[in-house]
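Multiple structures are listed underneath, in C-alpha cells.
First chain A sits with chain B, and in the next complex the same chain sits with chain C.
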Partner chain A sequence: MLDVYAPVAPLFILAILVGGIILILSRLMGPSKPHARKVATYESGMRPIGPAVRRLPVQFHRVGMLFILFDIEVIFFIPWALVFRDLGFYGLAVMGVFFYVLLIGLAYEWFAGGLEWEQ
Partner chain B sequence: MELTWELVAFLGFAVMTLGSGLMVVTSSNLFHSVLFLMTSLFGVAGLFVLLVAPFLAAIQVLVYIGAIAVLMLFVIMLTRQVMSRPELYNQQMAGALVAAAILFLALLFVLTPLADEIGGDVAQVNAEVIAEADDAPDVDYITVEELGRAFVTRNGFVLPFEVTSILLTAAMIGAIVVAREDEA
Partner chain C sequence: MFEVPVFDDLNAWAALPIILLALGTSILLVADLFIPEDRKRLTASLALGGVTVSLVVAMLQALGVEIGEQGAAFADMFIADQFTYVVNVIALSSAFIGILVSYDYFERAEVKRGEYYSLLLFSTMGAMLMGASRNLVMIFVALELLSIPLYLLSAFRKPIAASEESALKYFLLGAFSSGFLVYGITLLYGATGTFDIDGIWTAAVEIIDGEISRQFTLIAGFGLVIVGLGFKVGAVPFHGWQPDVYQGAPTPVTAFMSVTAKTGGFAAMLRVLVAGIPVVVAEDIAMWQDTIQVIALLTLVLGNFVAIMQDELKRMLAYSSIAHAGYLLIAVAAGGTEGIGDQAAQSALIYLLAYTFTNIGAFAVVVAMEHVDYSGTKLNDLKGLSNTNPMLAAVMALFMFSLTGIPGTAGFVGKWFVFKAAIDADLVLLAVVGVLTSVVSAFYYLRVVVNMYMEPGTPETQPETPSLRWALGITAAGTLILGILPYFMTELAEGVTVALIR
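And now, the complex of A and B:
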C-alpha cells in the first residue's frame, strides 16, 4: 500500500547527496585565503555597521500568528471542498456556521486595526 | 523480524525525529534548536505517511514546519537576549529525569496490553495485514473526501468542527490583543 511512495526515496537520497557533494566540493576545490574583510559579514560591500542580530518589530509576530490561523482555516476547507457538491445545502449550512464565526474574528481583527502595519 | 522497506523507512524517520529532538534540547543556539525542531517535525510527517495518513503528513509539513516553526523563529528574533543560552543544564535536571522515567513507564504500562491485544506476534499480524492488503488495496485508507464527509455528518464530527471555528476566532482575537502596543 505504501509502494506508491517508493519514488520519493530516490528523491530524498539524491537531495541529500547533491547537497553534501556541493558542500564538500566547494570546500575541497575552492581557494581559501581568509582575510579580516573577507570573513566579515557581507553588507553589499559596505563596512558592516552595528550587530547583525537585532530585535524584529512585534508586527511580524502578529502577521505570523494570523497567517497560521488562516492557514488552518483553509486546511479545514480542503476536505469539505472536495465533497461539497454531494453534501448539498446541509454541507453549505455547516460550513456557513463555521465560516460565520470566523468572520466575527476577522471583523474584530479589521476594526481593532490588526491588519494595519502602523498602529 | 523481517527487514522490509517500510521498516527501513520507519527506522530512518524515527532516528530523524528522535535525533533532531535531542539536538533541539542540547544545541546552545536557540535558532539552531528551531531548525532542528523542523527536522524533527518532518520526521513525524514521515511517520504519518507510514501510518497511511498522507493528508495529516501534508498538513504537518504545511502548518508545523511552514508556519509554526517559522513563527517560533520570529519570536526568538523578537527578543534581544534569547538568541544564545549560556547554561544548558540547571538544578531541575534530576527532577526532569524522574518525570521522564515515570512517563516512559506509564506509556509502557498503557501500550504493552494494547500490543498484546493486537497479537503477541507483531510480525505475524503484519504478514496477515499485508496479505489482506494485496487483495483490497484500500483497507484502512481514509481519503480526504471521507474526512470532508466526517466533518459535516451529524454522528460524525460536526460539533467539534463548529467548535474549532470558535477556538480559531478566540486565537485570532488573542493574537491581536497580545501584540498590542498600548495597554501593555
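And now, the complex of A and C:
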C-alpha cells in the first residue's frame, strides 16, 4: 500500500540536497555583514519588540466574528452550485430556506448597527 | 447519480408548530429593531401572539388532529409522534407564561431590549426540537439552540454583577458539558456506526450479545451522553452551576429556564436512553438503569436536604428544582425495565407539565416580590405577606403545596404517576426514597407558607401589573385544574410511546 508513495521519496531527497547545497554555498561564498536590523526576528516590517498583549479596537473583533460567520455560511452555496441542475426546484427551495436564515442574520446585523465602525 | 428528494417525503407539516415559531421569531428579531424603546410592549405582544398560534397548532396535534403524518420527517432527522407533540405543548406553554412574567420585570428594571423575546423563543424551539430528534446530531444542534440563548438571557441585567457572573458560569460549564455530550456521541457512532437512534438500537442489540470488549465503547458513549444531558437538567454530580445561575439570572429567565431546559433535557434523555439502548441485559433491565438510579438517589437526597439550609427564596427554588430533576430521573430509571418504557415516558411528561405551571408560578411570585436591585427575596421578606397581599400569598401557598405534592394540586398527580412507574418497574427503593424526600421537602416548602400566614410583618410587594397578574392566574389555574381534573394531562399523555415509529 505504501508503494503508492514511492515516487515521493526521490523528491524528498532532491529537495534536501538542493536546499542544503544552496545554504552551504551561500554561507561559504556570500559576504557577511551582520547588522542589528538584519539579524532581528522578521515580523512583517513592524518593530518586533513590545508587549504581547496590546489594545486592539473592539470593533475589529466584531467584524472578524461576523466575517467568519458569513464566510462559512456562504461556503455552503458551493456544493449546491455543483448539483444545481440535478436538484432542480427542490434544491432551490431548500437553499431558499437557508438563504432566508442568512438574510435574517444579515438584516439584524445591519439594522442593529453591527456594521457601523463608530457608534 | 443520486435520487432527488421530493417534498412529500419531508412530511414537513408534522413540524408545523416549530416551523411557525421559527418563521415568526425570525421576523420578530428584525421587526423589533424598528420598534422604539418606549413601545417594547408591542414586541412582547407580537411574541405572545406567535407563541399562541404555534401553541394552538401543537395542541391540535396533541389532541389527535392529523396535521402532517405521524412518523419520521425530514429524512429521518425528525420524528413526529405523540411524545413530540406533548413536548411541544409543554415547551410552548412555558414560553407563553415566561413572556407574560418577563414583560413587567424588564420594564421595571428599565431593560429595553426587544431581543429578549426572540432569544426566549429560539430557546423554546431548541427544547421542542430535542423532543423531536431521532438523530444524535440533531439532538446536539437542538441542545445548543436551547442553551446558547439561555446563556445570553442570564446576562440580561447587564450592569448587575450577579447577572453577568451567572451568565459566564453557565456559559463556561455549559460549553464544557456540550463537549462531554459530543464526545459521547462520537463514541456511540464509533461503536454502532450510525447517528440514528433507531439504528443504534439495532446495532446495540448485537453488541450487547457479543463479547465484553465490544461493549466498552458503547458503555463509555452512553456514560458521556448521560453526563452531558445530566448537566443540562441539573442532576446531582453535575448540578454545581445551578444554584448560582438560578440566583444570579433575572428571575423571569430563571423561571423560564428552570422548566424549558429540563423539558428539553429529559425529552432527549428519554429518547436516547429508552429508545436507543435495548433492554436485553440480564433480567430484562437496561445496562444504564443502575447508573440512572444512583444519580436519581443522589439528586433527590442532596437537592431536598440542601434546600432546607437556604434562606433565600430564589436559591431555595434552585435546589428544589434540582430535587425535581431527581423525581424525573426516577421516571427515566423506570424506563429501563422491559415493558415500562412507554409508561415511564408518560409519567415523565405528566410530571413536566405539572411542574411547568407550578414552578413558573412560584418564580412569578418571586418576580412580584423582588426589588429592582435583586433584594427582597429572602425567606424572611415573606413574613406577613397574607396581610399585605392576600391574593399573592394564596397563590404562593398553592404553588408550594403543588411542589410538595399535596393532593388536589398538579404536583401530586405528577408524583403519583412517577412513583407508580417506579413501582411497576420494581424500583421500590427509588420510590420509597422519593416519597421520603418529598416529606423532607414539605419542611422547606411549608416554611414559606408559615412565614406568609403565621408570622407578623409587612413585606413590600411590587405593584402588580396586568401581564404578571395574568401569568399568576394562568399558572394557579393550571396547577389547580390539573390537580383536580388530571384527566386533561393523562389524556394528552395517553398515546405517548417512546419507541420510535419504525
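Here is the rule we use: the second predicted complex is superposed on the first by the 65 of 119 C-alpha atoms of A that agree within 3 Å, B and C clash if a C-alpha of one lies under 4 Å from a C-alpha of the other, contacts with A are read in each partner's own complex, and residues count from 1 in each chain.
Here is the rule we go by: a residue touches a chain if its C-beta (ideal position, glycine included) is under 8 Å from a C-beta of that chain, and two chains touch if they have at least 3 such contacts.
The model shown is predicted, which means the values in this text are computed figures rather than measured ones.
Is A:L87 in contact with chain B, with chain C, with both, or with neither (first, second, both, neither)?
both
Compare chain B and chain C by how many residues of chain A each one touches, and report the one with more.
B
In the overlaid three-chain picture, which partner chain does A:L66 touch, first (chain B) or second (chain C), both, or neither?
First partner only, chain B.
Who does A:L102 touch here: chain B (first), chain C (second), both, or neither?
first
Once the shared chain is lined up, is A:Y42 touching chain B (first), chain C (second), both, or neither of them?
After superposing on A, A:Y42 lies clear of both chain B and chain C.
Contact-wise, after the overlay, does A:W117 reach chain B, chain C, both or neither (first, second, both, neither)?
neither
Where does A:P79 make contact in the superposed view: on chain B (first), on chain C (second), on both, or on neither?
In the superposed model, A:P79 contacts chain B only, not chain C.
Touching A:A9, do we find chain B (first), chain C (second), both, or neither?
A:A9 sits against chain B, while chain C stays out of touch.
Do any residues of chain A touch both chain B and chain C, and if so, which are they?
On chain A, the residues that contact chain B in one structure and chain C in the other are 86-87, 90-91, 101, 104, 108, 112.
Chain A touches which residues of chain B in the complex?
Going through chain B, the ones touching chain A are 5-6, 9, 49-50, 52, 55, 59, 62-63, 66-68, 70-71, 74-75, 77-80, 83, 133, 137, 139, 141, 144-145, 147-149, 151-152, 158, 161-162, 164-166, 168-173, 175-176, 179-182.
Please give the residue numbers of chain A that touch chain B in the complex, ascending.
Residues in contact with chain B: 1-2, 5-6, 9, 53-56, 58-62, 64-69, 71-73, 75-76, 78-84, 86-87, 90-91, 94-95, 97-99, 101-102, 104-106, 108-109, 112, 114, 119.
Where on chain A is chain C touching in the complex?
Residues 86-88, 90-91, 93, 100-101, 104, 107-108, 111-112 of chain A touch chain C in their complex.
With touch defined as at the start, can you tell me which chain C residues reach chain A in the complex?
1-2, 4-7, 26-27, 29-30, 33-34
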